[in-house]
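The two complexes that follow have subunit A in common; it is paired with subunit B in the first and with subunit C in the second.
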Partner chain A sequence: MQASFAPKERSGGVVGWFVTNIGRILISVFVPFVTFLVLWRGFIFLRDSQAPQLVIVVVAIIWGVGGVALLYLASNWVIEQLPQAWTRRLQPFVFVGPAIAILFWYLAIPTIRTLLLSFQDETSTTFTGIENYVFALTDRVMLEAFRNNLLWMIVGTFFCVSLGLLIAVLADRSRFETIYKAIIFMPMAISFVGAGVIWKFIYTYKGEGTGIAEIGLLNAIVLALGGKSQPWLLIPPWNNLFLIVIMIWLQTGYAMVIISSAIKGIQSELLEAARVDGANEIRIFFSIIIPSIKGTLITVTTTILIFSLKLFDIVRVMTGGNNGTNVIANEFYLQRFTYGHTGRASAIAIILLIAVIPIMVYNLRQFRERKAF
Partner chain B sequence: MASVTYRNVIKKFGEVYAVNNLNIEIADKEFLVLVGPSGCGKTTALRCLAGLEEVTSGEVLIGDQVVNDVPPKDRDIAMVFQSYALYPHMSVFDNMAFGLKLRKVPKDEIKRRVEEAAQILGIEHLLKRKPRELSGGQRQRVAVGRAIVREPKVFLFDEPLSNLDAKLRVQTRAEISKLHQRLQTTFIYVTHDQTEAMTMATRIAVMNKGILQQLDTPQNLYDTPGNLFVAGFIGSPSMNFFPAKLEKADSKLVVKADGFSVNIPDDRAQPYYPLVGKEIIFGIRPEDIHNPTFLPPGIHASNVEAKVDVTELMGNEIFLYLVSGKDSYIARVDPRTRFAIGDKVQVAFNMDKFHIFDPSVDRENPPAVR
Partner chain C sequence: MSAKTGFKRQKLFSSLLVNGVLAVICLIWIIPALGVFITSFRNSENLFRSGWWTVFPHRMYVETGEIKLDKSVDVNGIISIEGINTTFEELRNGVMLPDGRKLTWYGNKRTRLIKVSELKWQGFETSLTLKNYRDVLTGKEISFKDGSGQEIIRKGNNLGGAFLNSLAVTIPSTIIPILIAAFAAYGFAWLNFPGRKLFFTIVVALLVVPLQIALVPILQDYTRLNLNGTFLAMWMAHTGFGLPLAVYLLFNYISSLPRDLLESAFIDGASNFTIFTSLILPLSIPALASFAIFQFLWVWNDYLVALVFLGDKARVVTYALASIVGEKGQDWHLLTAGAFVSMILPLTVFFALQRYFVRGLLAGSVKG
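Coming up: the complex of A and B.
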């Protein structure tokens, strides 16, 4: 199969090359198209049936899985009846092609559509040039969102990764490693919205006045220490940091687990050699452990960076982006679903996409260097 | 340069004794090899000296200083690990210079020492490469180089040749011996390979199950093993053992095994009189069993009838796998021997070179009687 990618294959002339690729595209589109038809017919048939539910479920599974499998087998058989040279050229596309075609349908087409919409007005009827982009890059609300996202990326990522690293290294030397790690990792199982609700209780502020009791955990601590209760989520710019703490709480576990497994992968003789060579533990950490897990650190950092760039849920649930806590993704949501300005929302989405690309590319390059692909 | 002393060293892992009451005094500039089967505690003993394991009790001394509580970095030792443990993200130069940098040696001094060591080991052209770009043999040299640039008091080697192919192993063995000559420093070397031990050591410490079995020069260890374990471990192919009974007939001492009986020469009989009538283990090395046709002159030979089971021609000698009674054993005989499989033949035991072990003292590991 690999031979079809070799340059020799293409020497069949321009016509051959053209026919080959047309064939590949046709196969890639034809197979998922027929799949869809088969599934759709099955859906219609079962929807109108009066059979007991269990039978419908079983038939649906057999129809769905069996139908698709049969389709692949049949297409593969057809391709194998062609002359051998053609089989070799086309066969990979029976299997890879549909996946690429569907991916194109669900990813590339929406992206292109979003790009088009971003140059149109709020009703998506007339082209307005780069007006939406001018808005997205100059509006006061947007600039605040950019600033906050930068804060999320720098502070959030820094603490997630460094705390994760610190805990991973320290836990590695502890007898209770699994217990510590389980506790730190646990918040990972909570959704961002769920975490938002939990932390809302922690930051709750009831205000001053007679008969009002503070129920928030943080204010309870402040009051117990003799302080004055604070409206934590209403004081810019600190409220941003209070929100970032939630992400740190959620994501440190992720960083820790990945880094911890990388640390465990370091050969113990390497650390012993450094010890014999005369290094103290701090030197070993910086000269041996950090370089050994560099790749993992970069992966974790970029993953959390992308995460904080497209952060949405926490802000949406906790403050709705008010009081100077707005972020790009939340503004996008507001523009699209609250203000109904599709053009501006699309422009913001495109900007977010462009901002993610460099990190993504760097991440992929790292993977390639480590031969992860 | 320094002496090393193990004084009543015990190392326990849980309830298991990895090293059990080890006492060794290693002189300055000595090449001591710790040898034994895997799990015998030799590596643990070495790691206790390096400071990578804490001893449970007893003392480890480098020079006159007890180093039990001294961290590895302050012990002034260098170690070559079995896996070499080169730092993968550093170049060969940086690997070798790492220990010197940590000791704040001036830059030009580091450069001089690394280049000198690289020249000794023939790896000057590799200094800029990363460990993953080196072959196994080259990595091994870098690991040795990293140890020697430090100019430590003691060198520790933990099975450094076990990852090399047979040919390279022989060559590197000789180079390590030469290095010892050149550096005039104490070397402590751990291996499970008795050939390595025999060829390199000034003295060998044979260990088994955490216990030091015998500590002696290679020749003495070979000629006069102290017990059955040492006798069986040192030498290849290993010594033949026969359960036998010692009897007295016509004022002569006779070893009666299942398939043969041989006379002990009068001049060696003295120590064995107390064992008369007892069960013993009779040991003889394969090279002390000869083809009677090619008998070396001047030895006390005692003929034994045997059946040839297998013959292996090695070129310069023949290994005969022989059976007498219930016992099977190996003989290394003259290559001119023409014995065929299945033949009933006479072989001659050299009765100047036998060993007798007394199982009544220790059934598991009978001591030699001399």
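Coming up: the complex of A and C.
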């Protein structure tokens, strides 16, 4: 296709030149137009069609993936029809442009828009100054959410990282390393909703009465040990800890994998030398392993800290934030989608953003130091 | 000699200790999921009556006979039976006989019926079934029995349909950002244009931005464009939220490819587009795979984005599962089967491609 429209300056006179160029312009307009039309028809079909679900799903996948590929093909083709100097100047934007546009639409500009919204009232019609921030930082509900988030961040992160470290160090000395690691890592593939169901079943409570057997594992264990069964998720503030256990179950695998690969990176000569010198394993752990993987430990800790700051699904599914288990991200959701207060929700989102700014700065500094550019 | 055996013994001991501790931790890790897995195959009547661990051989009280009390016995006073003296209240809670048998009063005082049971070994539970899976997958009417044997009829949760919706959301939401990010990474790595450094700095800065920041404004846009509840809205949102990490990972990989490779291709007269599609993309497959698994798991398991932009119009599995929890929180036969339906695909992908996933994790550990 490209060959037939390629420059033919040498052949033909003025008329030939004219026809070629008009043709090129027409084609350049025509190709994007057809591309657009095809995509638009696809969209309308998907939106309005009553076809069986399987058909819609297959069409949607082909349309979505194919559409993006087609857009790149078409726009690159148009650019390559231009004079070479222009091609060279514009082609980078064919490559980078879509990504930049999407990043601006979905992340960069929304940050500013959310900031503006956070100074407005619930319907975003009048500016109310810092009222939403006053709410976000002083309201009883918010303070409770902050307290719980702090609990998540301290307890959750501590156990994730220390268990991850323990397992990584121990597994390094075992022949069955891969099996152990695969088991601990497995929950990473499970959704928070799925994990919520799994643990809700552990905590389930049927109550007292004759002929009722507890089917939740935790209550069964408590009963077998001679205790009384409890509605675990209804007892503040302990219910927070029962929820945090779910996060530990999910995220320890992440910490373990990252730490484990850092441990594997320690020079074996170093460890051998220490052993020859008669250092015991505990000494080696504290004087060699820990200092060598300090950077990794910090990265893992910050990642899990951010993760527990933004945590939403577990609380949403398990308790809905009731009985003293609310967290910031859930309050964000409640404010926007249950109470319809856009301003307050935006203020909460901005607070989440401010909390991660140190990490953003750190990333940028690392990036500049690497001099990748 | 003795020093050597001592050393050997110490080594054996430490190996036992290491494996013992790990085995215990792994057991704790596996039991929650195992419980749900086993429960999902039990028939609903049994499942509400006894814990999932009872499918394994265990000892329990089995009814071996019954005693009808004579009319002359005063049920409000002391009751003499099987050689012991007891009361109605005690019998109601169960009385142990010296020979290990247990007596339990059945029903209220007027029944005058006492059941005798004995502790006996039970084998594996054999009445396992796939009915729970059928029930949770269908959207048609289903019926099941609760713990007291009562028949309950209700509409199914159509998790089968939700599974298809999840596929429709996840596959494009995985491939589109890869495509866009690969183009961008190539542009950042090998092409020169004004603002190159500034734009990439923005990509790095956006790596840790919490997506809550974008939900409110994007929802406004979607409402204006009438995009709420469409797959397109989900693809775009997941592309937007996944793109910083994708560009970052792929840039790191593509920019480390040897420069000579591209220069010789240029000399041969290949255009950027040809070099990208026929040289760079095939070479970048490990990096593409790493991100693909990452994004696939993230999108499949996502709940928040689906809740906000898709909602009830096209339920994905996480949404459908969460609504079973919300609406019928005690329907454990449906919940457990549903949980496994939602997990089966990510677990398969995860174990099949774990190597790439770990590589992606290591490369992208800066992401928040």
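Definition applied: the second predicted complex is superposed on the first by the 250 of 373 C-alpha atoms of A that agree within 3 Å, B and C clash if a C-alpha of one lies under 4 Å from a C-alpha of the other, contacts with A are read in each partner's own complex, and residues count from 1 in each chain.
Simple rule for what comes next: contacts are C-beta pairs under 8 Å (C-beta built on N, C-alpha and C of every residue); 3 or more make two chains touch, one makes a residue touch a chain.
Quick caveat: nothing in here was measured; it's all calculated off a predicted structure.
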May I ask you to name which of subunit B and subunit C touches more residues of subunit A? C
Please work out whether A:Glu269 is in contact with subunit B alone, subunit C alone, both, or neither, and reply first, second, both or neither. first
Contact-wise, after the overlay, does A:Arg147 reach subunit B, subunit C, both or neither (first, second, both, neither)? neither
I'd like to know which partner A:Ala171 touches here: subunit B for first, subunit C for second, both or neither. second
Touch check for A:Ala279: first (subunit B), second (subunit C), both, or neither? first
Contact-wise, after the overlay, does A:Ile288 reach subunit B, subunit C, both or neither (first, second, both, neither)? first
From the superposed pair, tell me which subunit A residues show up as contacts to subunit B and also as contacts to subunit C. none
Can you name the residues of subunit B that touch subunit A in the complex? 50-52, 71-75, 77-79, 81-83, 85-90, 98-99, 102-103, 146, 150
Okay, in this complex, where on subunit C does subunit A touch? 14-15, 18-19, 21-23, 25-26, 29-33, 35-36, 39, 47-53, 92-93, 161, 164-165, 167-168, 171-172, 175-176, 179-181, 183-184, 186-188, 191-193, 196-197, 199-210, 212-218, 221, 230-232, 235-237, 239-241, 243-244, 247, 251-252, 255, 271-273, 276, 297, 300-304, 307-308, 317-318, 321-322, 325-326, 329-330, 332, 335-336, 338-339, 342-343, 346-347, 349-351, 354, 358, 361-362, 365-368
Going by the contact rule set out above, which residues of subunit A touch subunit C in the complex? 43, 46-47, 53-54, 56-57, 60-61, 64-65, 68-69, 72, 76, 80, 89, 91-96, 98-100, 102-103, 105-111, 113-114, 117, 163, 166-167, 170-171, 173-174, 176, 179-180, 182-194, 196-202, 204, 210, 213-217, 220, 249, 254, 257-258, 261, 281, 299-300, 303, 306-307, 309-310, 312-313, 316-317, 320, 329, 332-333, 336-337, 342, 345-346, 348-350, 352-353, 356, 359-360, 363-364, 366-367, 372-373
So in the complex, the part of subunit A that touches subunit B is made up of which residues? 267, 269-270, 272-280, 283, 287-288, 291-292, 294
